[in-house]
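In the two assemblies presented below, chain A is common to both, partnered first by chain B and then by chain C.
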Partner chain A sequence: MTTSQEDPTVAGSFDERELERGPIQEWVNRAIEDPERAYRAMFYVAMLFFMVTTLFPFYWLLVVAVTPGSSYALVPAGVDLSAFGSVFERIDFLRYMFNSLFLATVTTVFVLLLASLAGYVFGRLEFPGRQPLMLLILAISYFPPAAFFLPLYRLFTGNVFPWLELYNTPGSMVLPFSSLFMPLSIFILTTFYGQIPDGLEDAARVEGTTRLGALFRVIIPLSAPGVATAGVLTFIAVYNEFFFSFLMTDGGAGDWAPIVGGLIQLQRAGQFEVTFSVMAAGSIIAVLPVTILVVVAQEKIVSGLTSGALKE
Partner chain B sequence: MATEHETETLPGEGGGVYASFIRWMENLSETQFAYFLLTPALLLLGAIAFWPLLSTFRLSLFADAITGTSTVGEFVGIQNYLAVLTGERNALLPAPFIPTSLSVKAIFGSALTVTLIFTIASVFFETIIGFGQALVLDQDFRGRRWARVVIIIPWAVPIVIQGMIFYLFFAPGIGPFVGEGPLSLQQAGILSDSPLQTTIDAAMITIVADIWKTTAFMALLILAGLQSVNRDLYDVARVSGASTWQRFKLITLPIVLPTVLVAMLFRTIQAMRVYGIIEASGVGCSTLPSLSCLVVTSFFGGTRLVGTAATVAFLTAAFIGLVVTVYIIGYAREEGA
Partner chain C sequence: MARVQLDDVVKRYDDVTAVDNMNLEIRDGEFVVLVGPSGCGKSTTMETVAGLTHPTSGTVNIGDREVTRLPPKDRGISMVFQNIALFPHMDVYDNISFGLRLREYEKAEIDERVERAASVVQMEGMLDRMPDAMSGGQRQRVAIARAIVREPEVFLMDEPLANLDAKLRVTMRTELQRLHKELDTTIIYVTHNQAEAMTMADRIAVLNAGHLQQIDPPLVCYNEPSNLFVAGFIGSPSMNFARGEVTNDGYRSVNGHLGIEFDPMDAGVQPDQSVTLGVRPEDVYPVADAESADEPSDPVAVTSDVLEPMGDEIFVYLLTNPDADVDLEDQNADNQLLMSVSPDSDIEADEEMDVVFDRSKIHLFDGDSGDAIVHGITNLSTGAGSGTAEAEGDD
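After this line comes the complex of A and B, so read on.
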C-alpha cells in the first residue's frame, strides 16, 4: 500500500497485439502530443506519494493504539479504545500534559515580552552598537544546546550558587528555552515593528503617551500578526523541545517534567509492563495540541519560518 | 522630545515614584533608552547563553578530575583538544570521537563520523524530497491548503513522539517492516534482527525519522523561493518555445538555488546537533553516539570527564562553524555568479 506507485496500466499492456495500441502506448502517445498531460500525471503521483509517506506514521500510531491484543497488522483486527484510558492510569498523564502546556505558555509569554522590547529597539531606534548586538544575539541560535548544557546543569543543580537550585523546577527549562528561542522572535518582531510608519507612533506621542505606552498601545497592537507568528513558533518549539526537557529534570510528573518524561517512562518500562498500545495512545493524545495549532495557524507558521530563515 | 506637559497628563499615574520613573525614562537619550529596553533580554542572554558558552570553553581547557571532589583538574590549555582530535582520548570516552580504523563499524561507531554521515544523508534527501514537495505545493489545485497542512504537521510533531513512532515501527515483534510480513525489511536482508540495537540500522532509522520530520521545513523555504520567481519569465520562455523541463532548468533552478542553499545551511546546523531522536526512538546514545550524545554521556558517565565533555561540546560547535563557512563561501559564489 505504501510502496506501489507504478502505473496500474503497466501490467496489462504487454500481451496486446502490435497494431492495436495498448493502453500504456495510447497514454504515452497522447503524452507526447500533449506534454502537459504527462506533467499533470507526475503531479498526481508525487502528490499521492507525499501524502502517503507523511501520513503513514500517524496511521500506524493509530493502528497500534486501537489494536486489541498484541499482534499488530496494517489493518487492525478490531478496535479497542481502552489504551486511551489506561495511559492515564499507568502514568500521571494529565500532569505531564499540564507541565508541557505550562512550560510552553510561560516561555512564550516571557519571550514575547522581552523580544517585544528588543524588537522595538532594533526595529525603530538608531543607536551605536545596533548591528553588532543583533549579530551577537543571532549567533546564539547557531550553537548546539550541548555547548550550553554543562555549566547550566551545574548552575541549576546548585553547584555554582548553593541557593540557586532550579533542577526539577520549571525554571530549569523555561530559562534555557527562553534564551535559545528568543533570537528568532526578536528577529520576527524587529521586522514587523520596523514596518509601522513613524507617523503613527508620533501621533500617539503627541497625544501624550509615553514611549513605552506607544509601544504597548500602538506598535504591538498594529503588529498583532507578527506577535502571533512569534508566539506560535515559540510555543511549538518549546512543546517539541527534547534536549533540556529530558536532561533538566528527573523525568517524574512531580518534577515538572514535560510530556517527554512521561512518554520516555512508558517506553523504558518495556512492552511487558506497558503495552505498545498504551505508548501509541499517549503519543496520539500528546500530539493533538500542536496538530490543532498547525491547522489553525498554518499561515503564521509558514510566514514566520520563511521570513525568519530567509532574511537572517 | 519629552516635556513636562507629557508627564503631567499621563493617565492613571500611581504616585510619586511611578511619575518620577516615567519622567526619568522619558528624558533618556535615544541610545540610553535603547540600552534600557534591551537590559532584560541582554541579562537573560548573558546569564543563560553567553556565560554558559564561555564557561564551557573555560572547562575545556582543564584536565578531567576523575577522582576527588573538584569539577576539573589542573589547567592544561589545548591539551584536551589535541587528545580528542588525535584519538588519544578515545579509550577513555564512552564512544570514540574519531574512528580507530577505517572499517564501516568503526566509522558508524565514532561520534564525529556518524554525525557527519547522519547530517549528509538526511540533508541530501531532505533537499530532494523538499524540492519535490515545494514543486507540488507551488501548483494551483483544490485542497492546496490542506495538502500544505499535511506536509507541515510532521515538522510540528514533538521529537519524543517522532521517536515513539519509529520505536513502534522497529521494536521487536511490532511494525510492518520487522518480523515476517511481506514488507519486512529483515526478510529482505536490509535490517538485522534487532535494528534499534544495531549501529548501522539505527543510523538508517534515525535518518529516515529525521527526513520524515524536517523535510517540511525545507519544502516551505524552497516554496517561498519558488513563489518569488517572476511569472512573466515563464511566459517569455513559453513564447520562445521552451519546454517545461527547460523552463525549470533555466529559470526556476538558478533563481531558487540561493534559497535552497540557505535552507540546507539551517538544516545542517540542526542535523549536526542530533540528540533527541536517538534517545526517544529507543536507540540510545550507546548504540548511536552522535556528538551531542558524547557530550552528555561523558558528562554523566561512570568516570566524570567534565573537561573532555566541554571539549567535545566546543568541537561540535567548531565543526558546525566549519560547515557554515563552507556554505557561506558557496552562497557568495552563487550570488556572485
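After this line comes the complex of A and C, so read on.
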C-alpha cells in the first residue's frame, strides 16, 4: 500500500483509489476529471428546480380544473372538462376577458405614443437637465404603486373634483397603468431611437417631414423590435396587473372590471360550495392570451431586449 | 434654380464658433464647392443652408426669400448625405418617391418622375430593390435620384463620395458633373478632397477655422491664392514655403540659403518686411532644365534628400542647408524644398545640385497676416498681380 501511494505513476494510484470508493465518490472523482459533467449536473438540477416551482402550480391548476368532485391527487382521478364550460355559463366571463384585453390594448397604445415622444427627446436631443429628468422618471417607476392608491382613489371617486369621476370606468385603470409602466417603455425606446443615425432623420426632414414626421415615418419603423418589445411588455404587465385592477372597480363585468374581478365572481358562482374547479378553469383560460402573445412575439422580445442592451 | 446668399452668418456652439461671419453669394446654377480641413465649418455652413441647424446670427436667403428660420422642408432644397442615408426600410422606389409622397403628388406624376430620376442616375429596373441589397455606388445613385426627383432649387451635397472606394469616386465625380450640366441646378458641394473641388467646381470656397478664405474659380485659387492657407491647401503636394524677409535687392530666407533678387519697391514690399515665399513643386526646376521655366531665377544651391517616384513624376526633397536638421513638424520648414521632376530624370539622393524657380510662379505672402502680396515677380514695374511672360532683369 505504502509503495503504491508513493508510486510516481499517477495512473496507477488513481486506479487503486477508485476501487475503494462508493458510487458517489466515484461520480465526484469523474466530475473532477471532467468538470463539464459537474456543470451539466448543476444545469439539470437548476432546471428541475425552476420547472417544479414555476410549472407545478400551473399543473395543479389543471388538476383542480379537470378533477370531478373535490378529492385532488397528483394524478387526477378522472377528466371532466365541464368546468371550462361553466366558466362562461355562470358569469359573463367573456366580458371580463374583453375588459382586460381592452384595458391592456388602450394602455399599450397610450404608453407607446407618449413613450415614443419621450424616447425621441431623451434619445435624440441634447438639452440641459436631460439626465436629471431621466433619473426622475426612473425614480418614479420604483415607487410602490400602493402609495398612489389613496390619492388616486379619492380623485377618481369624485372627492377632489366633483366632475371627475372615473371609478368603474377604463380611465381609472388606464391612467395609473400608463404612468406605472411608461418608464420602462421610455427607457427601451430611448435606447432604440438614440441609435438611429442622425443622417436618416436629417434626410427625412430635408425630404419634407417635420421632426415629428421623421419620428413616425423613419425612426419608429426602423426601431420596430424596440417598439414591439416595449408594447408586448406593457401589454403583459397591464394584463397581469392586480392592485389597481382590483381596487378601482366594484368588480362587475359592466364596471370594466378585468379578469381579476371575473375570477373572484367565479368563487361565489356556486351556491353552497366554493367552486374551485371552475375558478381553476377560469384561471387557465385567463392565462391563454398572454401565453399566445409570448409565443408569437418572443423572438422579437428577445432580439429587442438583447440588441438594446448590446448597443447601448 | 436659385441663388443662395449668406449674410454675416455666425454659428456658435457652447465653446466653439463653427462659422464666423460668413458672407457667401452663390449664383444661380453655379456649382460651388466648399472645401477645407476637418472642423473648418464647411458642413455647418451647409447645414445652415439646409435648415438642419439655425445660425446664431445672420441671414440665409435662397432665391428671393429669406429662409433663416424656415424648416428644411420649406426651403426648396434637397440634399445628398455623406453616409448616403437611404431609408433602410424602404425599397428604391419608396426612397426616391418619399418627398413626393409627402407632398401628395398624383400617383401617375410620382411614377413618371421617379422613372425619370432613376434613368438619370441609370438605376432603372432596380426600383424594387432594398438598400441593403445594393452596392455603395448604387446606393449613392439612389440617394442622388431621391435628391433630384423633387427638382429642387438648390442641391446640397455633403461629402457624397467620401464613403466610396477610390475608383468609384472618380466615376461618380464625372457623373455628378454630367448631372450638373443636365439639370443646371445650383449645387453646393462640401468636401475635404481638393481633387474633387478642383475638378468639379465652378468656384471653390476655401474655408478655414470658420472663416471664408477665398472664393474663386479653381485655377484662380491655384494660381493666385489669396493667403498662405489657401496656397497650402489647394494643390497636391502642397506648395513650398520659406519664411524670410525683404532685403534691399530682393528676398532672403531666414536661414540665409535661399534668395531671389527683385526690386522691393516694384513688388510693393518694404526692405526688412517679413515675408513668406511660396513656390509650387512643379515650378522648381533642376538648373539643367532651366529653359523649361517661363522665367528662370538665379540658381540656388541645394542637396537632394529623399526621392519619391510616383510613376508619372518624381518628387525630390531638397535641403537648402544640408547641415541643419529638417523639422518635419513645421509647415514652413524653411530648410526643405519639394521639387517635382519628370520620371526620366537621373537625380539621385544626397546629390549636390542647383535648382531654379519659375519667377512668374513665385508667390510672396505677408509674414504676419499670411495674405498674398504678389503672385509672380516678373515685370514688377506694372505693380502687384500675376506675372506676365515678359522678362525682368535681376537688378
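For the reader, a short list of remarks on this structure follows.
In the analysis below, the second predicted complex is superposed on the first by the 246 of 312 C-alpha atoms of A that agree within 3 Å, B and C clash if a C-alpha of one lies under 4 Å from a C-alpha of the other, contacts with A are read in each partner's own complex, and residues count from 1 in each chain.
Here, contacts are C-beta pairs under 8 Å (C-beta built on N, C-alpha and C of every residue); 3 or more make two chains touch, one makes a residue touch a chain.
These numbers were taken from a predicted model, which means no experiment stands behind them.
Using the contact criterion defined above for the overlaid structures, shared-chain residue A:39 touches chain B, although it does not reach chain C.
Comparing chain B with chain C, the partner in contact with more residues of chain A is B.
By the touch criterion defined above, A:210 reaches both chain B and chain C. Of the two partner chains, neither chain B nor chain C is touched by A:82. In the superposed model, A:279 makes contact with chain B only, not with chain C. Shared-chain residue A:25: touches no atom of chain B or chain C. According to the touch criterion, the shared surface of chain A, contacted by chain B in one complex and chain C in the other, consists of residues 205, 208, 210. Per the touch definition, chain A reaches chain C in the complex via residues 197, 199-200, 202-210, 213, 218, 221-222. Within the complex, the chain B residues that touch chain A are 1, 5-6, 9-10, 22, 25-26, 30-31, 33-35, 37-38, 40-41, 44-45, 47-53, 55-56, 59, 71, 129, 132-133, 135-136, 139, 141, 145, 147-154, 156-161, 164-169, 171, 173-176, 181, 183, 212, 217, 220-221, 223-225, 243-244, 259, 262-263, 266, 269, 272-273, 275-276, 279-280, 282, 291-292, 295-296, 299, 306, 309-310, 312-314, 316-317, 320-321, 324. Chain A makes touch with chain B in their complex at residues 2-3, 35-36, 39, 43, 46-47, 50-51, 53-55, 57-58, 60-61, 64, 70, 72-74, 113-115, 117-118, 120-121, 125-128, 130, 133, 137, 140, 142-155, 159, 175-176, 178-180, 182, 186, 205, 208, 210-212, 236, 239-243, 245-247, 259-260, 263-264, 267, 271, 276, 279-280, 283, 286-287, 290-291, 293-295, 298, 301-302, 305-306, 309-310. Residues of chain C touching chain A in their complex: 50-52, 71-73, 77-79, 81-89, 98-99, 102-103, 146, 150, 156.
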